[in-house]
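What follows is a set of structures to go through.
Heads up, the next two complexes both have chain A, just with different partners, chain B and then chain C.
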Partner chain A sequence: MRRPQFRFGDLRVVALGLVFVLAWGGIGYRLFRVQGANAAELAQLGFDQRLRHEQIEAKRGTIYDRDGVELAVTIYGSSLAADPSLVEEPARAAAALAPVVDADYVEMVTRLEGDGRFVYLARGLEHDVAEEARRIIEEEDLVGFIFEEEPLRIYPSGALAAPVIGLTRLDDGSGVEGIEAVMDTELAGRPGKRIVERDRAGRAIPQAEFLLEPSVPGSDVVLTLDRELQYAAERSLQAGIDRTDAIGGAVVAIDPRTGEILAMVSLPSFDGSDRSQLDPATIRNRAISDVFEPGSTLKAVTVAAALEEGIVRPDTPFETPREIEISGETYSDHGYNPPVMTVSDIVAKSSNVGTIQIQRRLGNEAHYRYLDAFGLGRTASIDFQGEATGRLEHVTDWCGPACGASAAIGYGIGATPLQMAEIYATLANDGEWVEPHIVSEIIAPDGSSLVTEPRRREVVSADTARTIRSMLRGVVERGTGRRAALDDFPVGGKTGTTNKFNVESGEYSDTDTIAWFIGIAPIDDPAIVVAVVLDTPRGELPDGTDLQFGGASAAPIFAEIAETALHQLGVAPTHDADG
Partner chain B sequence: MTAGAFPRTAARPIRSGRRARPVVRPLAIFVLAVIVAFFAVIYMRISLDRTAFELQRLNRAIAAEQEHYWDLRVEYARLQDPDRVTQRAAEIGLVYPEDVRTIEVSGVAKTVGGPEDRWTEMRALFSEQP
Partner chain C sequence: MTGRTTPFDHATRMTEPAPTPTIVQDADERVSTRDQIREERAARALHLRDRRTVFIVVPVIMLLIVGLGAMLSASSVVAIRETGDHLFYIKRQIIWVGLGLASLVIFSKVPYRWYRTFALPIFLVAVIGLLATLVVGDVRGGARRWIEVGPLTIQASEFAKIATIILLSAVLAKKERLLDRFPHFILPVVTILGVVSGLLLLQPDFGTALLIGVSAFAVLLASSAPLGFLVGLGGVGGALAVAGAFAMDYRRDRITGFLDPFADPLGTGHQAVQSLVALGTGGLFGVGLGASRARWSFLPNAHTDFIFAIIGEETGFIGAMLVIVLFAVFAAVGIRIALTAPDTFGRLLAVGIVSWLTFQALVNIGGVVAVLPITGVPLPFVSSGGNAMIVSLGAVGMLINISRSSGVESVSP
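Let's look at the complex of A and B:
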């Protein structure tokens, strides 16, 4: 029998078969891996490519003034970004876009020439600006530019009340200063979650969006501020600062009956909508964070305490020598005062010596008790971030009679403008302290609201408060506060001037002062209390009056603000023909 | 007589052409129905997609209108800005009067209510606004 001969064709068949076997084996193996071993992992990978878990931003609540005017609103703006690797002509693109989005040309070119795959070119663009940028990108045929929608906090009144309202962060929109920070939890709302299926180009596929959790918008916050009065107060204070060349100043206007803060000014200020000009020194709210010695404005507390304790009456006489020495410290009056003065005259003429005499009769213990009861040494309100407590050492830490004498005339004690306004508001409200507050109510997205109910307590009797008010009227009518007088309304108040204390050197300045005026209007039926403080006023009036004193520099600012406020509040003139 | 006695040819039923038609017709109807159903499914699918796109367009329009609403609110607040109003007033020559006279009319005094009593019409819209 003939043995079969090997043929080359058979080898090819075998090789082909082998190739087929290997190919099918490979396919089979791959099939096993894809559909079997790695099936779950690959299926998840596929889902992950198409499905994206996204966070739904919660719309931040609006901040309103007392009349429902928007002070801070969130709208949706855009950010302009770019992928530098796709931008072909950075210089041409920057030349076209930089002026539109108000960006620096050189900075934009630098960013576009960078190595990264993503750079922000401008953030917080409003709709019209973003649309203009889009149009230019289309017209100029620019590639590599991206618009991202993002919440944009708008302050429609610009710099108005900026240190009070505060700021939000650009990245996550959370509040960092002022009411924006204090009420951040209420304003922020709660973000939601959703799953979105997207195509290869990243576009959302219709009907393929699955809501996991809806976002809850933030609550709206209504402030007690009156926008018109706030504006008038800012203008008056700015004019006063310009007149006196002061470093800065603050104003607080309170409705003494309700404790509502109608205006709160801190200058110099900033515009929250223009972050390029932000200076950390202007962000702080001086009305609550700066602590000054209140000087003679605190004499009202010394006298009120003595009246309340029944130690003195308005007509009680006191010897008022030119100087008085207590524990080695010499105290004197500015200018001439008669050798004997009544308590009313001591207040009207702001006699240091007379007030110290009253305090010595009152004693340190009782004096301290009233300083504490009026609110010194602790924050005045819960509505502010970073509010200073001021400085009031416990009476056991006082250095004896000298500390009492200094405290009587407002030295050795530190107070914020808000705390001093709080004290005079108590006197204006017949001795009842009403917690100062700036948040009037919080309105939830469902329309329900939480109205602020301020705490109240009696500090001195109504009789004492009325007596002090009549003395404060004397200050304006015949004392150091004449420049605070109004034509149509009787007002009362107290001037104050202290030498500025230099914390670094630990000494009082011989040239720089802090000038105060705190007034009540109308004094016979108080509707508003305004505290004005100027930091380092200088110069003099044409008649030679030194503007370093509160009666010359701060009192006229009070008069302007009080008059506007009373008209704004609809208070009818009560001043009679005789004054 | 038994059944086997019948001549086979005489007793065999004859298949007529008319009796064959019912078999073809249902088949044709079925095929037609399948074709119609096929196109109907395609049509419905397209309709569904069109509806989805329309829904998406409407949602975008709603979002745009909501944004427009807030843009207008912001614009309104900006137009009311006291600084702007003061500047405009100065531009057209308005000045504060030298002499201000207040006329009191009984019964129209400004009432001071609690914060919840202010701008009540507007706050009624709070839960309605976008």
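Let's look at the complex of A and C:
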């Protein structure tokens, strides 16, 4: 048995081994400091750079027409994004992808060549488009592309009623126009909250998400609009605009018994699903935001007031000279009228001179009271954003008899198409004003619903309303509104033509007009009121009739729409053909 | 042979029962008993050799498993972003580990004395490899460190590590009796290290140069060179290393980033801060396998140089400590193999291999836990990398061969 011989080098090697073991011990101690004692502090640093408190988008409610057809609905679309630092051949990738997602090639290349680590290439892609893009990315072996789900508002009926329904913003999905804006609170719902961990580029880290509060989806909104009638009204108005080369036009169709707006058209229009060609002029809902002088259509109010006040009867005769001068202003009639006319004739023939005579007997004070009671000078409904109040100065600010005379024939007063429809709806509903509305029901996600109960009040008596209606029937049967007549239904209404007032120059145009027709059908048992207005119609009919006049340009549009509406509402024909 | 007692004897002495009375009875019996004892000893030696092999192989295999597990998680994010296949790096790593294990088995069979014979040619091949790298190498991240050959990437510096250790061990073993004369000591050391470090610094690869320098110093420590020489050489070498560290801006940044990483957490201190955040997030028990947050583009090189941070994050202090214990066991068993090596060359070679792999692991993990500056060297057996895997597992094979040779040597007449 030999004792192991000690070698000089052994001590140094053992020392080296000792150094190693001690070094690892030191590292172990350091590790304990980092992962034990200081772990919470360091982990907090990590949380700070990863954790984001985020909102969970609530699913926006759907907008339906009265029959439950979807007019605006939120689906989940995709956004195509990229991490430019990973994209290898921007030009090739863009050439393959740009046409599919309908993006500009040059723009896409620019974005892909950028410095960032996250760029959007196309947003709001529908499912099939996103799938196609995915397929191409796989096929072409493209690297660095990301798809993100996001809510997408689509309008299944395209441009139908677009200015009424409105729009949502692309970024946060909130409503900015139309029903989308007015009902935004109801439609939007309540966003939820969550904590998400995100990487340095802002992408969510999988399996690291904590829900704090679920989102509450938005309520659905049911409109009073009838999709079929809306479509017919849009087509008729568009045809009318095409015939007359008008700048634009509006139609409002109301059920006078309920105040429900069955159709509301504003042209030119837009398609909310296609954002590439949005123009403020097309987004505006002319039916509620454009203020025109109502002209002769307002004579119905003048006469109704005089009847209601007991000042005139339908057969009360008035002298109707060719001209009449009030406080230095001269008023005259279009065309030839007999020197003496009854109130009915004055309405039927739309005599300015005669109407002014009636108004003079009524007086400004009483006249104003009725203009106010019929709803002029204030918004008609709470269902619209940006509804104009129109223009009705208080009677104490009127310039005296001249203002009264102008007001009698619808000048110096401004009204929206909706307000004019509202006035005729009141006359059609036996003098009872029913609040016009377009939202019929709000259905909460839990199924509970809020049904609109329109306000009602009497403006004139049923007798007065019926009398006016028979006069309006005369307008269509023997006066200025013959082109509004229907074969199967008796119709009443009133034409109106005003010279267009240029706000900038403060003068009336010699050439441009606003052409109105507002009618009620059937006139003996009203089911629908339709107001039609054309902005600057031009040209002539083959028989030489000037299309600038409401009786020539607007009345036929009314007839088409009213006929469709009555069929749509299932109203049985009551009018015998030769009546 | 120097006739010294081998640890085999030592071990025998420890385990052998009290001498049996039969031993001194008669010569014939004594002879036959000696044969018996010889056989017994041979059998014990075999047993011991196997046990020692197990002690060195088991920690390495465990580190390989830990590495693959961590890689699966750490590389998945970068793999899917770069290649679309989240298993891309792990598949590659599995192939490398397979090749590495093959290399381990092969080198454990090759008698280690052959390296002594072929030390110079081996070193020259490494030098040619380094020269070729400088000429036809691929530039990545501002350094020329790789040669692309078809689908393969050759990193000559990995090979240079073991080649340098072999040559230095061979020369020092040969000059064993002359090392107390300064020229005999300094000339081979300066020549060998000068050539290798020079070529590495041209790439530049300061980290590997430093690692080879420190490993070489460990080999010198195990040699018969006088302590005074070692202290002097260590002083000069240390000074050169410090000077080299401050010579380049990015290295200086790494040092300032190391001294106070939180002074510039988005700049020079970025990796250190993110690494500490990952470890802190892991805490004592970890966030769970595959749940690392740091890999989501917070921690750069998560599957290569910083894989230890991912291990610490996912398995916590417990898992990270296991890795440290495994490396410590590897170092201790390696040193034991060196002490029991049958000859000086084997002893120096074993010290060199163990020191290289241990220093590399210390430098890597030291950087991750921010007690050392970040040098960009991978963690042996764990980090991604084919060349490193094959060379380091091959070196473990050499250790095994040295370990197995010790017992056999002592019983041969």
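The definition used in the following text is that the second predicted complex is superposed on the first by the 511 of 579 C-alpha atoms of A that agree within 3 Å, B and C clash if a C-alpha of one lies under 4 Å from a C-alpha of the other, contacts with A are read in each partner's own complex, and residues count from 1 in each chain.
Assume contacts are C-beta pairs under 8 Å (C-beta built on N, C-alpha and C of every residue); 3 or more make two chains touch, one makes a residue touch a chain.
If you're wondering where the values come from, they're calculated on a predicted model, not measured in any experiment.
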Once chain A of both complexes is superposed, is A:Thr224 in touch with chain B (first), chain C (second), both, or neither? first
When the two structures are overlaid on chain A, which partner does A:Ile154 contact: first (chain B), second (chain C), both, or neither? first
In this superposition, which partner touches a larger number of chain A residues, chain B or chain C? C
A:Ser449 contacts which: chain B (first), chain C (second), both, neither? first
If you stack the two complexes on chain A, which partner ends up touching A:Cys399: first (chain B), second (chain C), both, or neither? neither
Kindly classify A:Gly46 by the partners it touches after superposition: chain B alone (first), chain C alone (second), both, or neither? second
Chain B versus chain C as contact partner of A:Val106, first or second or both or neither: neither
With the two structures laid over each other on chain A, which partner does A:Val14 touch: chain B (first), chain C (second), both, or neither? second
Under the contact rule defined above, give the chain A residues that sit at the interface with chain B and also at the interface with chain C. 207
Which residues of chain A touch chain B once you look at their complex with the stated criterion? 66-70, 73-76, 127, 154, 156-158, 160, 204, 206-207, 220, 222, 224, 227-228, 231-232, 440-441, 443, 445-447, 449, 451-452, 488, 567, 569-570, 572-573
Given the complex with chain A, which residues does chain C contribute to the contact? 4-5, 7, 9-10, 13, 81-84, 218, 221-224, 227, 273, 276-284, 291, 293-294, 296-298, 312, 316-317, 320-321, 324-325, 327-328, 331-332, 335-336, 338-339, 347, 351, 354-355, 358, 362, 365-366, 369-371
Chain B residues touching chain A - in the complex, by the definition given at the top: 48-49, 52-53, 55-56, 67, 70-71, 73-74, 77-78, 80-83, 86, 100, 102, 104, 109-110, 114-116, 118-119, 122-124, 126-127
Which part of chain A faces chain C closely enough to touch in the complex? 1-5, 7-10, 12-17, 20-21, 23-28, 30-32, 34-36, 38-43, 45-46, 49-50, 83, 86, 143-144, 197, 199-201, 203, 205, 207-208
